[in-house]
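When the chains are written out, they are named A, B, C, D and E in that same order, and each has its own residue count from 1.
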Amino acid sequence: GCSSNAPEQANKAAQPGKKVIQIACVSTIDPIVGWLQEGMAPLGYDVQTVMFDANQLPATALKDGNVDGLITNHLPWIQTFNKENNCDLQMPKPYTYYSRTAVYSLKHKTIDAIPQNALIAVPGDPSNMDRSLLTLRDMGLLTLGEKKGNFYTILDIKDNPKNIKIIETDITQTIRSINDVDAVITGANRVKLAGFDPNSFLYDDQTNPNYPIGLVVNAKDMDAQWVKDAMKVTQSDEFRNKFNKHFNGTYVLYNN
Amino acid sequence: MFGNEFWVELLKYFDKIIGPAIFSTIRMVTATMIIASILGFGLAILLTLYGPQGLRPREKIYKVLDFIVNSIRSFPALILIVAISPITRMVVGTTIGEKAAILPLTLAATPFIARLIEDSFKEVDKQLIEAARSFGASDMQIIFRVMVKEAIPSLISITTLTAITYLAASTMAGAVGAGGLGAVALNYGYQSFNNTILYTSVFILFIMVQIIQGIGTWLYKKIV
Amino acid sequence: MWQLTLFDDFSVVAMFSYGTGGENLIQIKGLTKSFGDSQVLKGVDINIPPGMIYGLVGRSGAGKSTLLRCINGLETYEEGNLLVEGVDVKSLSGKAARELRKEIGMIFQQFSLLTRLSVYENIALPLKCWKYSNSYIDNKVKELLEMIGIPDKIHAKPKELSGGQKQRVAIARALAMNPKILLCDEATSALDPKTAKSITSLLNQINQDLGITIVVVTHQMSVLRSVCEEIAILENGKLEVSGPVEEIFLKQPQALKNLIGQKDLVLLHEGINIKILLSHEISCQPVITRMARELSIDFMILGGEMESYQKHTLGSIIINIPSEHFNKVKEYFIKNHVMWEIVQSNEQSSAEVDDHCLAMNFG
Amino acid sequence: MFGNEFWVELLKYFDKIIGPAIFSTIRMVTATMIIASILGFGLAILLTLYGPQGLRPREKIYKVLDFIVNSIRSFPALILIVAISPITRMVVGTTIGEKAAILPLTLAATPFIARLIEDSFKEVDKQLIEAARSFGASDMQIIFRVMVKEAIPSLISITTLTAITYLAASTMAGAVGAGGLGAVALNYGYQSFNNTILYTSVFILFIMVQIIQGIGTWLYKKIV
Amino acid sequence: MWQLTLFDDFSVVAMFSYGTGGENLIQIKGLTKSFGDSQVLKGVDINIPPGMIYGLVGRSGAGKSTLLRCINGLETYEEGNLLVEGVDVKSLSGKAARELRKEIGMIFQQFSLLTRLSVYENIALPLKCWKYSNSYIDNKVKELLEMIGIPDKIHAKPKELSGGQKQRVAIARALAMNPKILLCDEATSALDPKTAKSITSLLNQINQDLGITIVVVTHQMSVLRSVCEEIAILENGKLEVSGPVEEIFLKQPQALKNLIGQKDLVLLHEGINIKILLSHEISCQPVITRMARELSIDFMILGGEMESYQKHTLGSIIINIPSEHFNKVKEYFIKNHVMWEIVQSNEQSSAEVDDHCLAMNFG
């Protein structure tokens, strides 16, 4: 677990004048790390991006001290990860943003129009699956039973009056399935990248703000100077302007 | 060691998730292997006919085929899926689900098999080909009645190897909502921090690998 | 050493009988063939009329196999012509080449059996390629298996066969299509004398029954003598001699001597060693005893060869006469039209010679 | 057709992203191929020695090796990465980056190569092995001086095939933050809907495949 | 047809001379070997003293190759013993087996050359395996290449060689290690007579110079006669006859006749055909002419065989005498201790017979 690596990592963090900061991320978040890098450079930091595919390996790398921080996963997932791996990754406040997830359809204009036996594509990874199921519940399309594990799964579906068929796809693939399904549930940013209008959604997930995303570090680094400096950068106007201009509402900054 | 609850949960997963995934995997790998073997074999025949040391060398045709084979082989799996999605939609009517997964899997497996078969045909003793020519066998007869026959052990090995490779590769079918054991292992196992599912799926994959290898070895022994 | 007239005679005969060849089945003219830099066939001329059994001999590496492979178009050549049934083999391709090859059976020097097929399947292969009916194939293959004497090996794979058995399967395969021309590249080299004899008499028989033309490459002089009508001797890619087999064996041109080497005869140092050529006329008479009685001299028979050819028995015999009788003997030979020559003991044989008898010889 | 802007953008990406990815890919594939070839060759030797029709048949040893090979081959790539991450950490000191990617790549490629080599060794004429035995060659000499020599064209084909397969498979290095062309194509191209990057990366991969195949074909021709 | 006493005599001789064998290099006793259900060797006993050239003959499929392969342990056997230098081959394994094989060179019937190696590398292979120095290897290989007469093919691959050239490379490879025992499985079958002769005299020479023991499997009787001291005839996996080569050829046991088949002699229908065996004593005298003159009769020499063996020349001769003189001739034979037998024309020869002469025969 992380404990065995702790001393080594502590040494690393304690080094005075440490300038190189490695931040893990995935492709969609790469620009954010870029702005962080630009913002921190004048403060004497060399922020480096370590790009991962989407899965839990960035978090593993962080817990093992192979990177200094990550910006990828939302807070609830990080908490689950901590629980499962018996470690302590933390997201210092203020949180940076949340990703808007919504339901998109090219075929149907309203929720009611979703027909019997509809196909709905969702990202297949458990965290997004969990969120999607909750969204579908909130839309009134199905009801869920009791959550048994960390995440809701299709096994937890209780009533499914429209007999909706959930298609589990790779998160990168979800939006690309839109022509072949009745609706997709996916991040607005990916919708924008795919060339669709991210704001013409069928249903907007109300719980989006419950999934904050921001810099995640090991607990023992919470007080490190570089973390404090990083937080300052993420709150700077320059950062926020670039952010809003780029994501245009698909990622939403918290207004703390 | 494992409580009652464990078994109930596993059973439920088995019934709803792992069970269907097994069949889905079997269907996809079987379909991929059948189609890719046929196409790969056909492609291998063309490569063998027109190759520089082939039965009927035609540099231009060979170069085109070679180019196609190499092109397909240079795509990372997921990108191949995307790249051919217009074709996928044309052929199977959708870009998601098992059927849509079979096309890119087949497309990836075909040049792989074709190259392996071409390589094994190249190893057939030239004297036997000459002997067949001496009694007037046509190029096709030389391929089917001499090269195929002589290369049968190789062909069995190739099929075994490819089946195992694409059993593992069928994981990528999960990307287009086709399910399968690989996707279950990833999503319900690894990413859900559920080791039971993870190990169960991998174990079943392992059993499948063993079965494929077992059949391959048995056939090989029987024939050689 | 040969009487010159005799030898010249022979060349003339050869030129006349084989120089034309309008109705020859296989006509080879000025054929050259190279592998890389080395010229393997250097302008070969051969004509083989239909229905003939033609022998092709020469030392190892002379180009015999290459020439055979040119005949059915397995090998191309650079210059010259090679006509089979009047058609240039080189010009054929695709279907036409295949149709030609259908008519030409070939027994390969290295057998070339398919390793994964059983004996049955190997023999059936040409028939299958030409889409004969299964029942025909079955009968034919079984008949051939009987013929080559290994019906019990019907389902064996080549690796379970002995060398000779493999060769016999190769022979059966070449015969399966009832070819019009049969090219045999050392078809009996791996066979014991008796089996070889049964194969050669089979070749003789199908030649007579079906009139097929056979080209035989062999190193076994007995095969040559017992099946071939005419032979050609290749030396280093050049055709040195060709003509009727008996004539060549009788007259022993240098090319043949190069091929066979010196027979290890233990000649006597005393007296004169004389070789008598047993031509047609001579060989029906008791020449030896008659001469002995007429001239009232004894002489030793040192050795000889008497071989059955396809149609005749011919040979030579070497006798040793006391020097003082040489003139008498010579006169006798001339009077009786006997061909002869003096044999000098050239190479000293390495064989040890027994004490009590200077040489072991014919009575 | 392509405006000035396009080239400026491409140049930027090339300098910062694609360029380093090319070298990263080359390093990873080279390292993987070298290590996996050596290990796979060693494994193939053991399989050839102890196999049922091997030089020195030992059923038990063969079964164990066979089991290991099959086990590794039954893992989907990502799961293999995770499963061996403790080993990865032990060996290379980290679970991320190029070095950490090479280990799972190597581990996947090793049994793949081993099987292919084993299969090609099986095809070596038994009579030649017997001939070598007849002058007292040891089992190792038979493998190195007979089987390897006779199988050289196959070995070249196998290496070519594996290099191309694992060039494409090196995409999975992206999972551990190791970069490489596949990851760039996926992350900067595909996921970011940036077709310039996507096609450029795939094109470079294609060029690499061509180069590998070209070298393989050239060597094959030279040797056969 | 043979006089019984003679034949029995021979068997006794065979038993006595080869039944013991204390200092035999190769001792085979009751060897049996099966492939699946079929027993290929059925209790074979052979003893080969050191320094001997031993011939192994038999019809195709008799088990010769299998027996050879048992000798150097390439094939295991079920029952019996096979001792080489007193050690049971079967009991050896690993290093010991390899050391034994190092001493035993083998020329394979199918050559078994490595297809990817050049001629040089093929010949050098055994030496490389036994870690000889490069300069030694280089000299040795070049020397062997000279010997087999293809120094120009040094870098050729086997597929660029003719059949005979391949065989010569196989011979060179077997000789590369200077083996103590050489097993030759039809080592000259693909060679022309002259090359074959040079190989066999080479075998003779290394046998004499180095005292190596050679086991020769061959279908060429000339090879057998010119190199072997003793031979064994295998028939269907059983050892039928063994003994000194001259004795066996002189006495022609049934097994030999089965192997060689009937010589196609054109016997005369009139008169009596008699075969005279030319033993040691007889063959140094002018028997034929002396008899003709003494008995004042003429007779035809129909044919005969006179062959050089390793050390002697032996043979037989067939004559035709008028029936009325038979008794006279018989008496003459008895008086002069000549071995003889009457030859019946059994199989009708298919050869066509000329008109003007009933049969072509020796003078």
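The rule is short, and it goes like this: a contact is a pair of C-beta atoms (placed from the backbone, for glycine too) under 8 Å apart; a residue touches a chain by one contact, two chains touch by 3 or more.
This structure is a prediction, so every number in the text was calculated from the model and none was measured.
**Q** Just to be sure I understand: going only through chains that touch, what's the smallest number of steps from chain A to chain D?
**A** 1
**Q** Return the distance between the CA-based centres of chain A and chain E, expressed in whole Å.
**A** That gives a centre separation of 89 Å.
**Q** Can you work out the whole-Å distance between the CA centroids of chain D and chain E?
**A** 56
**Q** Between chain B and chain D, what's the gap in Å when you average each chain's C-alpha atoms?
**A** 18
**Q** Using Cα averages as centroids, what's the distance between chain A and chain B in whole Å?
**A** Their C-alpha centroids are separated by 35 Å.
**Q** Pull out every residue in chain A that's touching 2 or more other chains.
**A** If we look for residues of chain A contacting two or more partner chains, we find 55, 172.
**Q** If a residue has to touch 2 or more other chains to count, which residues of chain C qualify?
**A** In chain C, the residues touching two or more other chains are 110.
**Q** Mind pulling the chain B residues that touch 2 or more other chains?
**A** Residue numbers touching two or more other chains: 78, 82, 153, 186, 190.
**Q** Where do chains touch, given as pairs?
**A** Pairs of chains that touch one another: A-B, A-D, B-C, B-D, C-E, D-E.
**Q** Can you list the residues on chain D that touch chain A in the complex?
**A** On the chain D side, the touching residues are 78, 81-82, 85, 89, 94-97, 174-177, 179, 183, 186-188, 190-193.
**Q** Could you list, by residue number, the parts of chain A that touch chain B in their complex?
**A** 55-56, 80-81, 84, 119, 121, 124-127, 129, 148-151, 153-155, 167-170, 172-173, 176-177, 179-181
**Q** State the interface residues of chain C toward chain E in the complex, per the touch definition above.
**A** Chain C residues touching chain E: 35, 57-62, 64-66, 109-110, 150, 160-165, 167-168, 185-186, 189-198, 201, 204, 219-221, 226, 258-261, 263-266, 276, 278, 280-290, 292-293, 296-304, 306, 308, 310-315, 317, 349-352, 354, 356-363.
**Q** Which residues of chain D touch chain E in their complex?
**A** Listed in rising order, the residues of chain D that touch chain E are 125, 127-128, 130-138, 141, 145-146, 149-150, 152-153, 223.
**Q** Would you pull the chain C residues touching chain B in the complex into a rising list?
**A** Contacts found on chain C: 69, 72, 74, 97-102, 104-106, 108, 110, 112-117, 125-126, 128-130, 173-174, 176-177.
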